[in-house]
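In the two complexes below, chain A is the common chain; its partner is chain B in one and chain C in the other.
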Partner chain A sequence: MPLDTISTYSHTLLRQDGRRWNELRRITASISTQPSSDGSSMLTMGNTVVLCTVTGPREGRGQRDNNNAIVETDLNVAPFASIERRRRTRTDKQIQELQSTISSSFQSHLFTYLYPRSLITISLHVLSLDGGLLVACLNAASLALVDAGVPMPSILAAVSSGIIVPTDDSKAKVEPVLDLNNAEEQELAYLTLATVSGGEKQEDKVSVLMMDSRVEIAASTGKVEAMLATGVDGCKEVRRKMEDVVKKHGAKVMMSRR
Partner chain B sequence: MPSLTNSLPFSPAELAYLHTSLSSIPPLRPDARPLSTDFRALRAETGVLPAVNGSAHVGFSDGREAIVGVKLEVEKTVAGNRVTQSEDGAMDIDADGQSRDSGEKRAKGKPEWVSLTLTLPGLRDDDPNLVFLEEMLREPLALSSSTTATSLQDSLIINSRWHWHVYIDVLLISPNGLASYPLPLLSMATHLALRDTRIPKLKSEGEEDPIADDDWMASTYLYQRTTPPGAKPPVTLLIVVVGENIIFDPSREELAAADSVIAVSVGNTSTDGELRLLATRMIDTPARDTMKGVPLSGETQEGVDVPGVWRPRIGGVKRTLLKKVVNTVLAGGIAREVMSGLDGFLSAETSASMG
Partner chain C sequence: MPREVDISNIEQHFILQALEQGVRLDGRPLDHFRNLDLQFGDEYGTVTARLGKTRVHVQISAEVTKPLEDRKFDGIFTIVTELSPIASPAYEVGRQTEQEVILSRTLEKAIRRSRAIDTESLCIIAGAKCWSIRADVHVLDSDGGLVDCACIAIVAALRHFRRPDVSVDGETVTIYTMAERVPVPLSIMHHPVCTTFSFYHGGETVLLDATRSEEQVRDSSVTFTVNDFELCQVSKMGGSSIDALVLLKCINTALSKGKEINEIVAKKLAEDTTKRDVGGLIAELRAENER
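Coming up: the complex of A and B.
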């Protein structure tokens, strides 16, 4: 293809949408978008739009854990989200995998021992999809849980990172790229990771790491290391943006109480 | 039957209090709306999604939100059901909404070209209430056209071999599930999304295979925004009857105590500006499944009504009351007020986007 990322990147060092390798897409977010729920947020990463509402901690039904709260996720991808219309049912395997990934991420991330025998329900609605589905869901859920007041060590920030390998020379220098869109996800190997801030003067910790692509792991090539390093730095940037949103909303709340 | 599993049911004492208030003249509504024809405030915006032909986002103050995305696809017309052409052989799609001689045959679309899906997270896709709601929303859209009116599917014809297929996907976010019956919310959101829908301009002509112009600014609206105003999508109003009172836009409390619930669909399918009644449906009121109240003095005889003690109503609505409901909607001007409100919103948003 004359216009794909692999063939044009080596000449211009710019991606198809004009970004450089370490630039995020435009991220806008807002919290408390739905006042009737306990926590809510709306996140836009490029052309990916996700709405999230959090209900709980509330009384659990059925299964109960006497020591921790249970986190469950309901992910709904709208039929109009992609360019091609497609209606996904609840039994879609990809949806179920994403739901369990998000549930287990926040089950270990939140301080669930403070709410025994409770249930926290995360409802995610994907309105538009342009790459980074798991990334946007984790970020939106993080913001909604902050809005709901659920204690956690820090905002769980997620990002995707990929690798550009020229097809003619697999030994060439690796070129990592950050925050892939849908077209780039189709042609590049990529992974999704989310990190938790380590606090003052400590490194961030990786909470979520998911990769479905085939990449050489050999240490001499450094492909996986490049993707991980790029992703961790990208997560810092994403967390800074999300923390700005929370701070602005907090200042607005304090202003309205005066 | 609207589902009550996601919200706390009302006690018989609450229902008796609500019914007594609503059946007084004038009705005393629990949210202090002074008139029985008052509608609640709503927020609306169109053009919220990047990858669709039309979209709308409508929210009520109680937290319910509806997001509608409309997508168009080119489909081949089934050969066995070839679209009827005009006798002169020319396809005059630009004449939508204009009256024509009854003897002259016009190209007619098919109701199957309009698909509507409704998604409410938490409910199964085959929930009967959901399927019923879907069809109630779709039915006024896909009515057959007459000699004086044009339906939505007639404007989807490209030529005798190709047509557009409209997919309307509605996402409902509701903390109460279907307890606060969301039909008016979904209807208004669908109305605004369809009026926001644009059709790509075609470079092909006549009977050629359709090829779309790459210039999106050259696209046209599915419902023409012309002067005088053309056809408009239908709007469905929800009305409850309590005693002899007719109440519009019921809240959850009013629905819970209603004697009967009626959905009335009105639309403007011609250029004369007159609204027509498109569909009327009775909806089962949730009050029928509630428990009877117990009077303070203990058990009473069967069939004896004690004032202030709740008893679920049985039977249907009187025919004269149903006629009064329809007259209030059409002749009383409620439908015209709702439609002019939606027109005003679209005008404000158009001038805002141009400014």
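Coming up: the complex of A and C.
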């Protein structure tokens, strides 16, 4: 590519889109966007746009659990989401893996024991994709579940973090970066991290951790530790932004009732 | 539809209480693998891996095909996994369960996407002809640790496999049989090893290489793929939340266990090479000798 992050970052400490290492892309979100569903949200992280609707808790068809609600996820990536149009069928293994990840993370995160023999369906539609697919899906689903009124201990917040390794000097300090876009994902090693709040004065806990890249493990460099620490801090920032969205919507609802 | 046979409440409570006291049902320490055994078949690229009671058979095959349109200089490497009822009554022929998707995707990320095989070396003529390597994974017995056992088996099979030699003359490609020329090993860049950790009691108890019973009662699990000095892949797909520091400790444990397993695989491969060397005549047949 014409400009890559590794060669220019060491001089300017600015990324390709002008951000610094710990800056998120612009996050805008709204909830209650689809009146026909029980909960809905639309989330924009940079150029990634995800629409999420939640149906339920409702009566489950087929399999049912007598102790907990079952969380199902349906993920659709639009053919026009990327630069090249590509149709992804439901049998795409990557899509199925993402669906499984989202389902199991919310299955253990929500208070599902309050709705036995029920089904909660999360439908996600990716309208535009610029890196951070799993990140945006998890964040949008969290907001939609809040809108649906499903009880949970805290908002599950996700973010991606990567590492810039200077190629010239192997002993140079490694630089973590936060919230990668698509160009950075192609270039750098990165991981996707989702955390939940640990409660009063407790550390955040990791709920989802996915990494496809190869990163050196060494006590001296601490690359994995840097990525994890940056990701956990980034999740706090994302959670704060999502909580602001919920508070604004709540204030608007209360205002309209007055 | 068929389902995994659930263990009883008494058994669940027993396992959990034993783990609280640091005891496992089969007497292993919490951070030990089960006994790993590799059996290489007569043909190159055939391996049966046994991890305790879990058994996985891998067969590597190669054929010449046309490369992908957008990757003219790369060969093709695919991993085909199928869970059949021979492994467990819970699996059904043809129906793709969630566990099969997870197994397939984890192996794909661990081995293919981390570039364990140098696919550029599989190119014969750019854009026209390349080798297509296919790894067929057959799960024969399933007793937990399926991802770990399958990954070890695939990597061992790839290291064991030999493809036919090829010569290129312009647009003409000649493939020699095993009798004509000595087959060529694959170009392996690194040896990834999957290790799965299971968490109990809210992350206080960490278990390595859980059996099926232990897998059923766990809160969550995470799979790390490491080679000798790199972390290649991490999969923690939901489940209960775990402290980040605990995950970092698991990474270091996975690194040391990965080295151990790679040593075992290398030793087994050396044994197989020695066994194929009938009468020890390979030393006599060496063309390059020191002065």
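Just so it is clear, the second predicted complex is superposed on the first by the 256 of 258 C-alpha atoms of A that agree within 3 Å, B and C clash if a C-alpha of one lies under 4 Å from a C-alpha of the other, contacts with A are read in each partner's own complex, and residues count from 1 in each chain.
Note that in this section a contact is a pair of C-beta atoms (placed from the backbone, for glycine too) under 8 Å apart; a residue touches a chain by one contact, two chains touch by 3 or more.
Keep in mind that what you see is a predicted model, and the values were worked out from it rather than measured.
S.K.: Looking at the superposed three-chain arrangement on chain A, would you call chain B and chain C a clash or a fit?
M.R.: Fit - chain B and chain C, as placed by superposing on chain A, sit side by side.
S.K.: Does chain B (first) or chain C (second) touch A:16, or do both, or does neither?
M.R.: Neither chain B nor chain C is touched by A:16.
S.K.: Quick one: is A:205 in contact with chain B, with chain C, with both, or with neither? Answer first, second, both or neither.
M.R.: second
S.K.: One more residue to check, A:76. First (chain B), second (chain C), both or neither?
M.R.: The answer is first: A:76 touches chain B but not chain C.
S.K.: So, A:127: does it touch chain B (first), chain C (second), both, or neither?
M.R.: After superposition on chain A, A:127 lies in contact with chain B alone.
S.K.: Identify the partner contact of A:34: answer first if only chain B is touched, second if only chain C is, both if each is, neither if none is.
M.R.: The first partner, chain B, only.
S.K.: Who touches more of chain A, chain B or chain C?
M.R.: Here the partner covering more residues of chain A is C.
S.K.: Kindly classify A:7 by the partners it touches after superposition: chain B alone (first), chain C alone (second), both, or neither?
M.R.: Touch partners of A:7: none, neither chain B nor chain C.
S.K.: How many Å separate the nearest C-alpha atoms of chain B and chain C in the overlaid structures?
M.R.: Between chain B and chain C, the shortest C-alpha distance works out to 16 Å.
S.K.: Under the stated contact criterion, what part of chain A meets chain C in this complex?
M.R.: 91, 93-94, 96-97, 100-109, 191, 195-196, 198, 203-218, 224-225, 228-229, 232
S.K.: Which residues, counting only chain A, touch chain B once they are in their complex?
M.R.: 34-37, 47, 49, 51, 53, 55, 74, 76, 78-83, 85, 87, 89-90, 123, 125, 127-128, 130
S.K.: Could you please specify the touching residues of chain C with respect to chain A in the complex?
M.R.: 96, 98, 101-102, 104-105, 108-109, 113-114, 203, 219-220, 222, 226, 229-244, 247-248, 251-252, 255
S.K.: Report the residues of chain B in contact with chain A in the complex, numbered from low to high.
M.R.: It is residues 48-52, 55, 62-65, 67, 69-71, 73, 117, 119, 121-122, 124-125, 167, 169, 171, 173, 175 of chain B that touch chain A.
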